[in-house]
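Next, two complexes with chain A in common: one pairs it with chain B, the other with chain C.
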Partner chain A sequence: MFQNTKCECGHQNHVGTVLCEYCGKPLNDAEDANEPLEMRYDGVARKSQKANPSLIDKVWNFFSSVKIAVYLIITTLLGATLGTIFPQESTFINGDPSTYYEKTYGTIGKIYYTLGLSHTYTSWWFVTLLVMIGTSLVICSLDRVLPLYRALSKQQIRKHMRFLTRQKVVYQQEIALTGSAEEWVAQAVKPLRRRHYRVHTDGSALLAEKYRFSRWGPYINHIGLIIFLLAVLARGIPGWYMDQYIAFPEGEVKRIPDTNYYLKNEKFTVKYYKDSELPKEMQGENRLIAELYETNAVLYECVEQCDDPSKKPVLKEVTRHNIEVNKPLDYNGFMAYQTDYDPTLRLRSVKPEFRNKETGEVYGEFQLEMRDSALSYDVGPYHLELKEKYLDFGLNEEGQPVTKSQEPNAPAFLFLITGPDLAKEGELYFYFPLQIDKERFDQEALNAKLSGDFAKKFEIKVNGMKNVGLSTTSFLTIRVDSAMPFIWVGAAISMLGLVMGFYWNHRRIWLRFDGKQLTLGGHTNKNWYGMRSDVANLLKQMNIEVDAKSLDNGGENR
Partner chain B sequence: MKSLLDFSGDAFLAAFFLYCLAFVFYVIAISGKMWKKSDPAAHLKRWKVISFTTSTLGTIAQITYFFTRWIGGGHIPTSNMYEFMSFLSMMIMVAFTIVYLIYRTAVLGVFAVPVAIIVMAYASVFPQEVQPLIPALNSIWLKIHVTTAATGEAFFAVGFAAGLMYLLRTVDFASKTKKAVRAQRWVEITLLSVLIIIGFIASVFTFRAMGYEAVFKQTIVTVDSQQQESSKIEEVKYKLPAIVAPYDSETVKFDSFLGMSKPLFEAPSWMNGANAGRKLNTVVWAVISGLILYGLLRLIVRKSLGAAIHPAMDGIDPEDLDEISYRAIAIGFPLFTLGALIFAMIWAQIAWSRFWGWDPKEVWALITWLFYSAYLHLRLSRGWQGTKSSWLAVIGFLVVMFTLVGVNLVIAGLHSYAGV
Partner chain C sequence: MKNSRRIVQIVILLGVFILGGYAIGSAVFKSDDKPGRGSEPPAFSLVGLDGKVHKLDEYTGKGLVINFWGSWCEPCVKEMPLLEKTWKAMKDKNVEIIGVNVGEDELTVKNFVGQFGVDFPILLDKDKLATKKYAIGPMPTTYFVNSKGKITDIYVGMLDEDTLEERLKQLN
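== the complex of A and B ==
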């Protein structure tokens, strides 16, 4: 369809232009229309308003629509509510999700799980919605900001009469001029400048404008949001993101899987509120409410022999930090957070003695660590070699000793002992450091079976609690998230845009004289109340009393 | 330090009564024209000064409460529900004062001040003692996050008040057309919801004054990580007469009330969370007392509440109300974004190692934000000003209140320290 886009002022406009880019004359409306003008984007043609759109144009047009953007926002909002009905899978560490929901919530729970709502926020449709919002942010912004920038950077001072009379704020009156119209206009400059307007005059016409930058607020906000969303996606880049939850028993050095780092929990402390510090209704109930818990942590980096399991890695201390809730360890983006703790004491080490049961003679003591145990020990004239170690002792179906886990719940050690008066090939001896295990698994009977009389004469035994090392466990979250700086930059940019867009408004006042008749129009992108009061103030300074409210020309209050 | 906390409590009470007084004065200010005074303009001018002075004095008293409690308690009083809600009511008054200074309309006080009063009374339902902080809450970001978020929400509350006023002003209560009747009904439901909250507060205080108590023993069965079932017996204390008993419970103690000596129902089995039975009972009581209040008011005015308030709004320019509502939300939005999302993310990153974890409270903050973003985008479109936008302002504040209260009441999560 042919469309004449040439304005009567001679300016050739783009297809889709609502108001002539040069003089502001409304191009499409009937001559006698008088409702306030559609001033969005200053009436310029948006990029999406093309004749004969191609397929790409159609996609572009789809995402450039604010209506679509609002639909996307509303759909995302409704979708997000679904995920809060029941706890998400990610929030529980233990338990099997496939049975959890049905068991806990019945049929509704089963439906919830089957529909995939137990992981709403990582489901394909939710992620798709977020990606679509991101696309809409980019396209909506590009579609509008470039034409708007063009329109605002070359504004005409003397506007078409109908452009002025069809603004939302209008004043039109015969003025009893004492001098020329040009003088009147020149006088109006000062009070406008006092209200922070930038004023441009062209003979008997004037354009006053302030806070144009606020127009860029929404776009800057959108740029921030895009950076934010991209940063979230960037966590998918290998090496950018790591998240582990690790138990650190006190006194132990542990390797952080998939890294070159080792972390030692030197000391873990927890401080509880005293009963007297609790509110009255909580007192006397033996409540343990932690006031503070912290892990004195040392971070090591492996410098040599890191990947050779037969050799002991060479560690170099890189940093130490007392990790508290809200005070994580941070070593060049490698973070360790205090997440939880287990105050139950677990066996860390014992210092047993090797003695003769019949004579009571003690040959000596040795230090036995539950983890990283040494493989051989010299006790007096005797030599002990560690043949097997079971941290969580148990017997399998064939009656063979196995370890059920890698936690020192029921440690057991099998030694080969050589020395004076013993068989040349040595004697085997099972040792359970914990008394309860000693009885449960019947250490004596086991040893009698293994080495007969030997176990009647000799024993390994801990003498007193001072020779038992116990420790609590601290749970730390180990995290690397290289996207974080971008997340914060995105958030900051977005915030800057919001402040620019909401706490300032772009206001413009145009006026022109035709003989003695003054015609004034005012426009703002927000806050018409402020706009009217600016115009009323200007008129007052020019000795024209007018009620601010009466300047309103009707129309919508956007 | 005890005396300082006592003084703080006194300041809180003073603020409460000043707000109530201010509310009455704002009503007198705008209803002058109904008294057929010789000079309504002078009457309005005079009472505007009186009422604004009173509400400002109330705000100052509450700010005094806030800082004395901060000093006396040793940490910023925003860490439990009582402290947070009273802080929110204080910020609603601050937001109201700011918006009032821009627009100078007395009628805003008639609606915004009661919102603050209700939130403040709601705060008083919760235990008022200064409680020990758990380590996660011991962070500077707690102060920054909670205060900024509440400030944003306070502006949304003012937007809500102005939106509701717009509806009461513009809905045609005489008309019988389908559209008008629907609008009338929804305005009535909105007012009823407010009454239910008032009913809740009133019933809590009534039974607290009577010293009512009922105690139940409830067996709670939990399934642990090894799929082992374990049960423990918990005692549940009711402070409102138990219409609904906890699921699978036996009565230990039951003060009789109006001849009722045992619970009428038991909570359904799926309501098995901590205190779920008691929460359900509280909701039942809130609805009952709200309905009683509503019935009483209907008996007095003998027409729908909306129709009864409508004439008082005569002569107020609806476009001003629309503008105020929009402006308040526009002021609140960046603050809310900063406080409820960005600062919350910074704190979550430091305390919980991730800036975002899809915790129900986080999700609902995001939902609130998305809702107001939709509102702000729609405002730019044709036909979404006035009535439609006022409805959005009303619904938006419901979303805010659900995020603040409902999530704690219905969904537990990391923020459950602020339990109801």
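== the complex of A and C ==
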């Protein structure tokens, strides 16, 4: 359809223009309409409004619509709520999601899992919605900010009469001029400047404007959001994001999967509140509430023989840190957070002595680790060869010794001992470090069977608790998130935009003289109260008393 | 003027298409990190009891059975003789059987292997890195990989002659 977009002032406007780009005359309204004007984007045409849209234009127009953007946001919000019904898979530390939901929540849980809602936020439809919101954000902004920028940077000072009388703040009156209209206008400049307006005059017309920058707030906010979204997206790039939950028993150096780092929990401390320190209503209930838990951690980097599992990796200490809740270890973006702990004491090592039972002579001590135990030990003149090892000793149905678990619950060691005055091929000796196991499995009888008199003369025994190494376990969350700086930058830019838009508002005052008649119009994007008070103040300075409220020309947003 | 606007439109839509496509694509094709039927088994590099390093690559072109076990796990121990027997029978039929010991000391594994007469190759996964990659839960868990390098089945629990044979048939 052909549309005449030429204004009576002679300016040729773009298709879709609401207010003439030059003089501000409303283009589409009936001559006698007098309700306040729609001032959004200063009445300029959006970029996408075109006479004959092609396919690209149609796609563009779809995303350019704020209505569509609102629907997208509402849909995304509704979709996001689905992910809050049951715990998401990503929060599982262990357990199999495929059975968890049905077992815990029944049929609904099964449906939930089958629909893929157990990973709502990484599902294709949710990501698609986010991408569409991102697209809409870019296109909506671009489509509006450029025409708006152009309109605001080439504003006409003398506006069409109808443009002024249809603002929401209007004043029209015959003035008893003492001089010319031009002089009156020139005098009005000063009080406006005092209120931080930038004033432009054109003979008997005037345009005063302040805080235009607040109009860019929403667009700066959008730039921040786009950076934020892109940063979240960048987590998908290999190596940018990692999140693991790992148990670190005290004293063990553990490799962090998919990295070149090793971490050692040197010591784990947990300190509980004393009963008297607890709130009254909790006292006397034997509650254990941790006041502090801390992991003294050492981070190593592998420098040599890292990818050859047959060789021992060469580690170099890179940093050490006492990790507490909210005080993670941070090494160039490699983070280790204190997440949990297991205070159960597990046997880590013992330092027994080899001694002569009859004379009481101690030949020496040796350090015996439960994991990665060394295979041979020299104690005084004697040599001990580790032959068999069971972390959780037991007997199977055939009566053979087996280990019942991987935990050192009932460790047992079989040594072959050689040395002075012993049989040449050596003597076998079973050693249970824990007293309870010695009795349960009858160490003495077992050894008597294995090596007869030897066990009557010699023994391996721990002398005192100071020679027993016990360890607790600390659970750390290991995280690498290279996108984080960008997320902060995006959030900061977004906040800057919000502040610009929230705490400042763009105010404009136009006035013109036609003979002795003064016509004044005012516009702001918010805080009309302040706008009217600015106008009333100006008029007062020009010796015209007017009640600020009477300037209100109707319309919304008062 | 008109032309440059069109170029801007096309550039932006193209950018959105590529970035958005990447994001959506990775959401659709994300294998949730867990190997499953039809996917390729995760790479590993483990020391065997023979002292040599073994990698997944060296079995390409062969049917492969990967059995994750531990000496403390009774059903694992019970299925060992069957695996041993099958290994002997299938050795020359382009099917390899390997056992991955989960987290035990070499001494323990060596003693166990000697005690139970296991001759098929045993690899040691002391740091449980491969165990984690293969998402092993309860043990024994056995992976079946065909000669094209795709997982045909993941069997959790003790294998018996029938279940094993049925799965071996799918390997070539």
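The definition used in the following text is that the second predicted complex is superposed on the first by the 458 of 558 C-alpha atoms of A that agree within 3 Å, B and C clash if a C-alpha of one lies under 4 Å from a C-alpha of the other, contacts with A are read in each partner's own complex, and residues count from 1 in each chain.
Rule of thumb we're sticking to: contacts are C-beta pairs under 8 Å (C-beta built on N, C-alpha and C of every residue); 3 or more make two chains touch, one makes a residue touch a chain.
All values derive from a computational prediction rather than experimental measurement.
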| item | value |
| --- | --- |
| Partner chain(s) touched by A:Arg198 [first = chain B, second = chain C, both, neither] | neither |
| Contacts of A:Arg150 with chain B and chain C, given as first, second, both or neither | neither |
| Touching partner for A:Gly134 - first (chain B), second (chain C), both, neither | second |
| More chain A residues in contact - chain B or chain C | B |
| Contacts of A:Lys389 with chain B and chain C, given as first, second, both or neither | second |
| Contacts of A:Pro309 with chain B and chain C, given as first, second, both or neither | second |
| Touching both chain C and chain B, counted on chain A across the two superposed complexes | 96 |
| Contacting residues of chain C [partner chain A, same complex] | 5-6, 8-10, 12-13, 16, 19-20, 22-24, 26-28, 30, 32, 45-47, 51-53, 70-72, 74, 77, 102-105, 107-108, 111, 115, 127, 129, 132-133, 137 |
| Contact footprint of chain A on chain B as seen in their complex | 102-103, 127, 129-136, 138-139, 141, 223-225, 227, 270, 317, 319-320, 322-323, 326-327, 330-331, 333-334, 337-338, 341-342, 345-346, 349-355, 357-360, 363-364, 366-367, 370-371, 373-374, 377-383, 385-386, 407, 411, 413 |
| Of chain A, residues touching chain C in the complex | 47, 56-57, 59-60, 89, 96, 119, 122-124, 126-128, 130-132, 134-135, 138-139, 142, 230, 233, 236, 254-255, 257, 307-310, 371-373, 375, 386-392, 396, 400, 402-406 |
| Contact set on chain A toward chain B in their complex | 40, 66-67, 69-70, 73-74, 76-77, 80-81, 83-85, 87-88, 90-91, 93-96, 99, 103-106, 108, 120-121, 243, 273, 277-281, 289-293, 324-328, 335, 337-339, 477, 479, 481, 484, 487-488, 491, 494-495, 498-499, 502-503, 526-529, 549, 552, 556-558 |
